[in-house]
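I have a structure here, written as structure tokens, and I will follow up with some questions on it.
The letters A, B and C name the chains in turn, as written, and every chain counts its residues from 1.
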Amino acid sequence: MDFSAINPALLLASLLVAATPILIAGIGELVVERAGVLNLGVEGMMITGAVTGFIVTIETGSPFLGFLAACAGGAALSFLFAVLTQLALANQVASGLALTLFGLGLSSLMGQGYVGLKPPASPKLDLPLISDIPFFGTVLFSHDAVVYFGFALVACVWATLKFTRVGLVLRAVGENHDAAHALGYKVVRMRILAILFGGACAGLGGAYISLIRVPQWTEGMTAGAGWIALALVVFASWKPWRVLLGAWLFGGVTVLQLNLQAAGFAIPVEYLSMSPYIITIVVLVIMSADKSRAPASLGRPFHASS
Amino acid sequence: MLKLEKRPQPSKAYAYTTPFLAVLATMFFGGLLFMALGKNPIEAILTIFWEPLFGEFAFYYRPQLLVKGGPLILIAIGLSLGFKAGIWNIGAEGQYIVGAICGAGAGLAFYPMEAWFIFPIMILAGAFGGWVWAMIPALLKVKFQTNEILVSLMLVYVAEQLLASMSLGLLKNPEGHGFPGSRNLKDYPSAFNEEIITGSGMHWGVLAAFIAVIFAYVLLNRHMLGYSIRLTGEAPRAAKFSSVNPARLILFCLGTSGALAGLAGMFEVSGPAGQISIDFNVGYGFTAIIVAFLGRLHPVGILFAGLLMALTYIGGEIAQSNLGLPGAAIQLFQGMLLFFLLAVDLLTNYRIKLVRKEAA
Amino acid sequence: MTGTLLKIDGLTKAYPGVVANDAVSFEIKQGEVHALLGENGAGKSTLVKMIYGLVKPDSGTMEMRGAPFAPPEPRSARAAGVAMVFQHFSLFDALDVAENIALGMENPPPRRDLAARIRETSEAYGLPLDPYRTVGDLSAGERQRVEIIRCLLQDPRLLIMDEPTSVLTPQEVEILFETLRKLTAEGVAILYISHKLEEIAALCDAATILRLGKNVGTCVPSETSAREMAELMVGTELQTPKSAGGEMGEVVLDVSGLSMSSPSAFGTPLRNIHLRLRAGEVLGIGGVAGNGQDELLLALSGEALTEADAIKLKGQPVGRLSPNARRALGLLAAPEERLGHAAAPNMSLTENALLTGAVRKNLENHGFLNWTRTRSFAEEIIERFDVRTPGPENAARSLSGGNLQKFVIGREVLQAPEVLVVNQPTWGVDASAAAAIRQALLDLAAGGAAVIVVSQDLDEIMEVADNFAALNEGRLTETRPTRGLTIEQIGLMMGGAHGMEVAHV
């Protein structure tokens, strides 16, 4: 056992990296749920994003195009969900599960020729001067652009929900779709847009795993990250900044257990590997004391009967 | 412009025909998919749906139908009870694994003793293991209102790690030359889940699946508990008004589905699989979700849906070896089936009307 | 009062199986209060939805100040000066007052300015409101104020009000009328939807009466008797229920010190409720919506548990018993919400008969169901209560509101309860079904059962109840005999004017 191998600055820096995929996917799902839709297909959209991002990056050599393609891939898959639940009024829980199963199959089919390849590295945004600050430079200022994009996204979603008209209408639709309809707002259109946004975010989060975090393609590589992102939204009581907090917590647990594995800690590897999932459950239980309400129309189908 | 119009009551005719529509739509679009992969679509579809039943080697594949269908049906029957009541156990895969671990563990504990009571004890242990694993989300939901979907799913990943740990540690075959995995139960007669009729594929787990179908049918149609389950799914407030205790219902539904998934795992490990190993689970717990919906959450429907899904597994394997169709394509094919099923379900409750756009 | 504001000409809208509006024509003048009168199902809501742009007419035209008016969506209707106060479904509980109001406006000003305008306007019209309060925490009367202010901030030319007084105490109704009169003095026209004839006579300048989707007459309410209007509205003469006036017996239900927090997020807790109910008595419990009516029903039916001694049935504590255990002892209930609470919409009437009938009608044996008996119980309800349906195998949601309500009430009455608690037994039900239901309740009491009728319809309570009490913020007033009570006394029992004031600008 060798704890000195664990460098706290690097640990915190990799915490931010580990938190980024679930942060981005989680904030996307938060928007979807605030619009009153429960999309359980995050895992499927993430893995689809992971594979499309990976393929496009390999083929074009550009991680940027890869990330864009991942957004498009996630959104395309979420569009299936939108059609099923918003137009065909299918059960949201079942459709979300279907999306995950479908996404897992689709991604492994698409990724067949790409196993074992290595994507071109994404450039790091080493901010000159401040990235040289001891400790903080390593922790905060020497990451790739997506990490900063994740922060920006949380801020954007928070401000949009709180201060803008679109945000207000979105919350109204999630709170009481009948009332929103009676006031003349397009409930279905709003929800479809939210679902697409959530899909794009999940796709981006997935691509972050396959392009930066790991970086390579293996089947089923998201390994439950999509489900953890879903748990994050509950943990966050549907509040954007708390998603950030939660993502750091889960990122921290993941990084710590990996470091402990590497350091040859006395606990068997399997028990360390299961810890993020157990922590998720424990946190869900602890958060149940918070009585903040879910959006009142969450998961309920809407049909404008006039 | 198409317009949806809610039917005054659910259409019975569509409730029965929609699964067939979904299967046909999946065959059509699956065919397109196979075409895109450079295969002959008709040949591929025939290989999947015809070959295992009536092809040259059907005598070998037909028993497989029961072997693969058994666990799917057993798990899906349990899941359907909860799904009907709006209780979403999607961690059957985890309960299946834990059931297998407990069942195999109970059997191996007696090794090398031979006795008639070992197999019954294994059955109990398997059911108990799955039940315990499902009681975790159930109790947390009842006590803390945590979301059973997330908790049961997280426990799948935990169970997979547990499985790895067991096949490398506690249950590792001491005479296995260091390879991971437990002793093979095929070599331990008292713990082996033998075929009841040799060559038929009918092992004790398949029998258990058939019993579960009958049990679920009676429960849902003739018993107050089944009525409570249906009522809770249709109208939770009406169910409370009718005196249904939601907590008890959650414990019952999750517990039963866990126990059945655990049984499926136990019958699998002691029969077709033979041993606990890292890659023991192949996703039956997730496929069973498709089976439950494809069977419209109806016990008899699930029986047929389970056999159909088993068919796609077997046919998929044949297509894989004969036509070089990738295994993932079959997985996609199954996901597609669920999609179409959910989409055509609309017809049961709504009427689609063509309306001319009015001049405003 | 000069000039026509809105002219409606031959509006027709058909839904499958029913013509909701059949060539309806009338005119609304500027600055008048125009009543739209009709029974449930007469087509009032459809007509209003067409004016507000939520529904497009199949044929017919509208003109607003001489110009063609065909709003494709509510936005354009609002732009043309039409504003609407809804009866249901239009507020967002988790949002605050200012956000709710902003959602109803085309171009809301920045939040701070909007808050100031809300304060200003609400005080000017005597409807004080705090813009930053969460709407879910407001009383029913305050919620209505939010809707009215939302409309007023848009300077409407036509204000549509859908049954606005159903959530107000008599005193609050007076204040609302003052506000409305002030608005008409400013030239605003009001389309006032109601089925309460006294109100219309007191407030409205003209009235259009709908029956089965057709305009059956336009009249001046102040010159027409209530009886004439009622006959136009209903089409036939109605029989008012007759009480047999049976003797009252022993105390069967004794509620004392009943306190309970609400199981729903924005509900009202019950606070120290006392009441005693005798055999043969009908107790009417009035009160503005959202003052604890739902919670009281939950506590009595057994869906929510209380302290054991808080509720005693014939001396036996039942506060911790399940609904079925209470049913076994003779305490039955029928909640307000028909679809989803009293009945399961997608299940058949037979299955719905089982919903409460299992214990008293012996429909199960060791958990196993007797479907034959259940079906004949459903058939009995259908026959005895004249429920119009092809048969018990039909889904509950296929029934009209009145027929389903007859089924729900019939299901409880036919189980021979000793105490029956009903909440809003005739809400949204046509007049003949309402009369039948009230008669059934009176007959039940005459047969020696005790009945509690929770209702927001004071006329209904005065018609059926021997005694009256009111719920106000989760507290129940003392019980008084209905005979001799004046409408003012009732209003004060219901909580007076709840902090409203008469408009004074």
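Rule of thumb we're sticking to: a residue touches a chain if its C-beta (ideal position, glycine included) is under 8 Å from a C-beta of that chain, and two chains touch if they have at least 3 such contacts.
Here the structure is a predicted model, which means the values were calculated and not measured.
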*Among all other chains, pick the one whose mean CA position is farthest from the mean CA position of chain B.*
C
*Among the chain pairs here, which one is joined by the most contacts?*
A-B
*asked:* Rounded to a whole Å, what is the gap between the Cα centroids of chain A and chain C?
replied: 45
_With centres defined as the mean C-alpha position, give me the chain B-chain C separation in Å._
47
*State, to the nearest whole Å, the distance from the C-alpha centre of chain A to the C-alpha centre of chain B.*
28
*chain A residues touching chain B - in the complex, by the definition given at the top*: 40, 80, 83-84, 88-91, 93-95, 97-98, 101-106, 108-109, 112, 219, 223-224, 227, 230-231, 234, 268, 270-271, 273-274, 277-278, 280-281, 284-285, 288-289, 303, 305
*Under the touch definition given earlier, write down the residues of chain B that touch chain C in their complex.*
5, 8-10, 222-225, 227, 230-231, 234-235, 237-243, 245, 358, 360
*Where on chain A is chain C touching in the complex?*
165, 168-169, 171-172, 175-176, 178-180, 182-185, 293, 295-296, 306
*Can you list the chain C residues touching chain A in their complex?*
49, 53-55, 73-75, 78, 86, 89-95, 99, 102-104, 108, 265
_chain B partner contacts - residues on chain C that touch it in the complex_ = 16, 56, 58, 70, 72, 301-303, 322-325, 327, 333, 335, 337, 339-347, 351, 354-356, 358, 364, 367-369, 394-395, 397-398
